[in-house]
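Okay, so chain A shows up in both of these, paired with chain B first and chain C after.
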Partner chain A sequence: MMTISILKKALLASAIVLSTTAAYAEDITITVWAGGSNASDSYRMDAIEMAADILSKEQAILGNELNITIEKKRDFGGWSEFKQAVTLAAEAGKAPNIVATSHLDIAPWSEAGYIVPIEDYLDLDAWPINNIYDNLLKIASFDGVQWGIPQDAESRPFFFWKETMSKIGYSDADIEALPAKVQAGEYTLANVLVDAKKAVDMGLVEKGYGFYPRASNGPDFAQFYLSYGGVLQDPATGKLVLDKKAMTDMYQFFVDAVAAGITRKNHIGTDGSQWYADVANGKVAMWHGGTWHYGRYTGKEGNNDFFGTIQFSLIPAGNEAGKANTITHPLVYLITNQETDRAEEIAAQLINIASEPRINTLHAIKSSHLGITKQQSNIELYSSNRWASEATERLLPHASSQPNHLQYGAFSEALWKGLEASWTGVQTPAEAIKEVEAELKAILGDELIIR
Partner chain B sequence: MKNFNWLALGFLAPALIVITVFFLAPVILTGIFSFTSMSTSTGVTGGEYLLNQSGIRALADKGLNTATLDQLKNAGYVVDEKGLAALAERHGVATATEMRKLHENGQFSSRRDMERALKSLKANKIRSTKDRKAAAELFKHSLLNERFPTESKFRTAITEGGIPLEDHELIVTQAYTGWVWTVDNVKLLFSLPSTLRYAGNTLIYVTLTLMFNIGFGLFLAISTFYLPAKSASTFRAIWFLPRILPPVMYVLLWKWLTWDTGFIATTLSWIGVAPINWMLDTSTHAWVVVVLINGSFGASLGMILFSSAIKAIPSSILYASEVDGANRWQQVRYIILPHLRWPILFITSYQTLSLLTSFEHILLSTEGGPGRATEVWSLAAYHIALDNYGGNLQYGLGATFAVALVIIGIIASLFYLRFFNFNEMVAKPKIEG
Partner chain C sequence: MSHNFRHWPIITILTIVSLPLIIMFAFQIIDTFTTHPIDSMIPNKVTFEQFSFLWDEAETGRANIWQVTLNTFIFATTTAVVVCTVSMTTAYALSRLNFPGRRYFLGGLIILHAFPTVTLIIAIFLILQIIGLYDTLLGVIMVKAALELPFGIWIMKGFYDNVPWEIEMAGVQDGASRFTVWWKLVLPQVQPGIFALMIFSFLSGWSEFLLPQVLAPGNDAQVLSTYMTALIADDTKIDFALFKAVGMFYALPVIAIYLIFQKKLMNIYGGGTKG
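Moving on, here comes the complex of A and B:
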């Protein structure tokens, strides 16, 4: 009897040991894909790897063996190839667990069921999410659901080449006061036209290099629409808005810039490397770009005295109807729909940990982006970085974003088509607007408000 | 079946498979897609049922009555008996009792608020986020933001939610996230102002490039025919280069040639011409470059075919013509060109069809610019279906553009067959009849 009971106990004990090992030794592979990323953006994926390490350690303390393998990929041809890759993988049921992508993808991808809301897994009132800037969190949500967590923040400033500005008559004090004047609406896009023309006429910069805009479609141009009083989304109904007057004024600004000889008619499509080289070393009087350009100007382009040579501000207002503004277009971490809930849960946990101020700061400083949490200003690496702290202070409070709307892609394409046609002189702004209006009416139908 | 040749089928099989997989299937699928509302947001493989704020807004626009709308919008989370009972079952009676004490009949519009209510439990804390989220679901009344895999499940849910039966149809249609059959793409195709422009651009592109292709191909074939054999093959080899270079490389060379910092601009600046971008300065520049890029690429094919066709002309005819005193021009006009009728037909129809659908050189060079001036139909189809900064790719509309191209291609082929009197040309030679 005794032997049987001992045997029973031994069996039971080994069964328990076996069952615990079987239950807790968990191996899981989490794939992370980051769009629009180059070497300096490596922390978009490395942060997840660091998070995996922390999560495994947390679980080990609880007695669970969790082995997470992180697979990283960021080599996609460009944004469109990245988006195609993600959607096709999702259709085939092989979506990467975590994607770092544009917040504009949330609307279509959530509708398609490719992604799952991160709020299903994370407590939004807990650390570190409760420390993330509210406006950034809002950008990562759609239709009242928190789909993702902002991965970084950025903003798109207007730049002035200081030396050129002083040669056309601005004192050092004037140049220092420019950002405030821009913000107050005292220095407008009309002044940009005048000053850039001066720079060209005085031979300080070549013809066509007075004002040097972005050379391809992007969120940047919506800023100029806002500068002239345009509105992207009607807050009451959530519908997209085409303000014909503001759009015409904005097209006209680029047409005027070409006519004045300060912007090249065939500027669109300028090679990226050439573009950076031109703006970073004084070949251009004024231009607009992004906060992450800082890294490129001071790094690859070899500008060793950024603050001594370049002034930055909000995008100036166009007229009284609009005001100085900037758009932030943060990337967001999204988790994709997987066969098992467990993979989604772990992915969400990893994103949560990767959003820790200290970890996010690594990305912010390495890639010249802005932080996502308030506490980053208390982290030495962040606060001691002049660019990050000044850009955060000067730009981020005024930053708006493009709306997460299912049809925003079509809207932005049409806006760009019209701008391209007016800019290159193929159509007048009035003709272009007429076509944009017809096109948007046909595609968006009820989802568009025309003013 | 006795005469059925299995061996022949075996030999043909690889070709049949390739044709089916790479040609027939894409064409048929494109045809099918063109009558759907397929886009990134609908997905390709099917849909589910989901009501979100955008959906509610669309329902309001479609005239759903306000009472039902409010019902859908405001259901939210309610701390009711059913929920409390479920909570008691999962987390114990004490938890449920405390919850009742704190929030009985409490209504919360969002899940976050519901979770906050659960967090306010003091004596019976639900500590894990996961458990708290699951507990919040016990009080859920709202249908918003929940995905239902099938229509019947969704219908059951709205019935349980007390939505009047007469509104079900409208709500179910709106909630479906997948693609539906539709002819809207065709309507859109005819109503978009850009359609006409793309059609016009395509006409310019195909006509000019074709003229260049055939004309230049003929010129090369005939001129090299009269050259000594060795230099003739050198010339042909040079003109064959565009075809054997990788397209990206080939277009890059054109870019170096035409950019405002490129070869042409630099050379001309020596004689005082201000540098311009010779590819993108105006739409005329763009068209000239696009035609030259595609034309030089295409001319080599014509050159090879025409050259071999000329060589097939019995030399006795040419000698005889020289004896009769014909000059080179007369030889070309009366002997060579008539013999080249068949290869010219072939190249014309082949190139028309391939030009209609090829856009890679334009994509790599002007990308349709400046201001969409060189955006041809096939490039537009690509942009609509596969390239959109905002993320919502319009597969269905893009497919409709592509199908229109197939139809135009077929009409063009029929026209060529008739125009060149194809039947007569392939008729059996009378001499062997």
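Moving on, here comes the complex of A and C:
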């Protein structure tokens, strides 16, 4: 890999030297597909277009005519349709040049040969990549190879409705101190159960609206597994880990929440818009979500006083074994395997330019995501945005991610199935764990460590 | 009048049963032209804003509505023309000519017609990939037309079967070639069938979702059905009014065709020369 990489860089260098001597017009079309993107995520694609403009101008100064046309697409129906489209297009040799997708796709897509390592084309020690947070950069790598560049960051906080909290006996100062107490492990999920029950018993929120979790599978639930001391991946071997004790405790937490009447037994599958409307305007005492929810709460849901009504913190620890945490699930830019090296090389350069702090800030603020580079705190648009700066400071340093493992999808799916069975009362947590263990053993075999 | 009154119990029951459907359609239309407060279903303002997708510039990464509509139109029309042309000739051969393997051909048609599209999708993808038509409108049109053909041929064969032999015999005896006979004498007899088939395959193409979704994900080949799914999947800003407006826009040609041609469409179930 190393020699190939050096070889490619040498070729690249000679190409640049050659191109400066003989000026010729070059036309190239770069296609960008962004998965799971809404209108507010437009800079996932627009940033590449801005980068193309800059690159062409840079080349023009060097005497080269480089015309880059950018084709953008984000309408795929949903994540699964997007992944299907990328997979089929890659199989047909018509993959888009750049995809903005979940970092979890790196493992399967690199194994399948759909993507090429970005480190073959870019110097990771040069600006702006050397300014990207190390933990984010690591999330975009797999098996020691840097496959992609983080496109944005986010994290998944725990939310409290301030008014409800104060009515159950928290002073304003207590509420202000909550995030720190959560971080220190002094306020745990056990407190969540107690406080949410208080809110329900006092009639401040309806039964089942004390604690309002995400209503479908997602990275969020792995956080609760971590809260009880669970580990997702063994750092030494890279194998996935099923910590039965932690997983049982986590299932039990949701079972207890249902038993206490603070979470609905039939909560799973609650309609998305209903869910947002419920949490954004005080129908719910506590819940968890994502940093990008800020845009939705203050936008479509019409909460004009976010900081006055809502407190946010890390996901509280479950017991002494675990600690307060949050998971970041950044999207990454990946370059796909193309017929010509030239297309891959230009795509890589565009990603490089699009990762500049100023350009990335446009996306971060417009879509309520977090930045990827340290220097973004020096860009006024970013630093003057209270949500971006506070969330970055409070959450991002403690953020971990889900492992880039070929079989992590199956692991996450099994975790969810067990949780669903326990939550809805179909199985006890112990029974559910037994099934999860059997299923994971069958799928993962050697790649699983059971504790 | 009195006749109608005698049936009032049935009419009442039918009205009640179809009420949900009627209310649904009514709100589909009302909601596209009005706005209403969040906690009420009663409209408070008439607006055309929901149709702004027709004239506003497309959002980043979203296809242009007119391009998409044109694609849908090309897709449906070409499918209809191909299906009709091929069905017209194939069905004639199957109905009138005695060629080897005719029986198996007919059996094969029925089997092909029975295959749900989704079971073939992987194989179709591989074929398109090999011939380089994946992610092109042409590729999807070919697939759609091929999948519609068994139905078309079968229907047209039914129409030809009902044309009396004597008409052709007379033509042949007068010295006309087989082709002239087919073109000048037989085709006019099966015209209602061709017409109905044309409309049916057009509508089928107009509403096709699965094939374009899987086989042509690029913006250039998007059609209205895939455009609509993307609208509803927007999870931070679901705009139901917009969705309904696009739905209306999508349904208009279909409604128009049904209103204009409903009598002719019924022919596909009757068929052949009358009297």
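The working rule: the second predicted complex is superposed on the first by the 428 of 451 C-alpha atoms of A that agree within 3 Å, B and C clash if a C-alpha of one lies under 4 Å from a C-alpha of the other, contacts with A are read in each partner's own complex, and residues count from 1 in each chain.
The criterion applied here is as follows: a contact is a pair of C-beta atoms (placed from the backbone, for glycine too) under 8 Å apart; a residue touches a chain by one contact, two chains touch by 3 or more.
Here the structure is a predicted model, which means the values were calculated and not measured.
Enquirer: Identify whether chain B and chain C fit side by side or clash on chain A in the overlaid structures.
Expert: With chain A as the common anchor, chain B and chain C collide in the superposed model.
Enquirer: Can A:165 be said to touch chain B (first), chain C (second), both, or neither?
Expert: Touch partners of A:165: none, neither chain B nor chain C.
Enquirer: Output check: A:42 vs chain B and chain C. Expected answer is one of first, second, both, neither. What do you get?
Expert: A:42 sits against chain C, while chain B stays out of touch.
Enquirer: If we overlay the two complexes on their shared chain A, which of chain B and chain C does A:265 touch? Say first, second, both or neither.
Expert: The answer is first: A:265 touches chain B but not chain C.
Enquirer: Just to be sure I read the superposition right, which of the two partners does A:409 touch: chain B = first, chain C = second, or both, or neither?
Expert: first
Enquirer: I'd like to know which partner A:99 touches here: chain B for first, chain C for second, both or neither.
Expert: Once the two structures are laid over each other on A, A:99 reaches no partner at all.
Enquirer: Now for A:85: first (chain B), second (chain C), both, or neither, which partner does it touch?
Expert: A:85 contacts chain C only, not chain B.
Enquirer: Counting only touches as set out at the top, which of chain B and chain C does A:442 meet: first, second, both, neither?
Expert: A:442: touches chain B, not chain C.
Enquirer: More residues of chain A in touch with chain C or with chain B?
Expert: Counting contacted residues of chain A, the larger count belongs to B.
Enquirer: Of the listed stretches 40-48, 58-66, 94-102 or 184-192, mark the one in chain C with C-alpha atoms clashing against chain B.
Expert: 94-102
Enquirer: Return the residues of chain A at which the contacts from chain B and from chain C coincide.
Expert: Residues 84, 91, which sit in both footprints.
Enquirer: List the residues on chain B that touch chain A in their complex, please.
Expert: Counting only chain B, the residues touching chain A are 39-45, 47-48, 50, 52-54, 57-58, 61, 110-112, 115-116, 119, 129-130, 132-133, 144-145, 147, 177, 188, 191-194, 259-261, 274, 276-277, 279-283, 366-367, 369-373, 383, 386-394.
Enquirer: Please output the residues of chain C touching chain A within their complex, sorted ascending.
Expert: By the definition above, chain C touches chain A via 59-63, 125, 128-129, 134-135, 213-215, 217-219, 222, 226-227, 229-230, 233-238.
Enquirer: Give the list of chain A residues in touch with chain C in this complex.
Expert: 31-32, 34, 37-40, 42, 45-46, 71-78, 81, 84-85, 88-89, 91-94, 272-273, 292, 295-296, 299-300
Enquirer: Name, in rising order, each residue of chain A that touches chain B in their complex.
Expert: 79-80, 83-84, 87, 91, 102, 104-105, 107-109, 111-114, 117, 119-126, 142-145, 207, 217-218, 237-239, 264-266, 268-269, 271, 274, 345, 405-413, 416-417, 420-427, 435, 438-439, 442-443, 446-447
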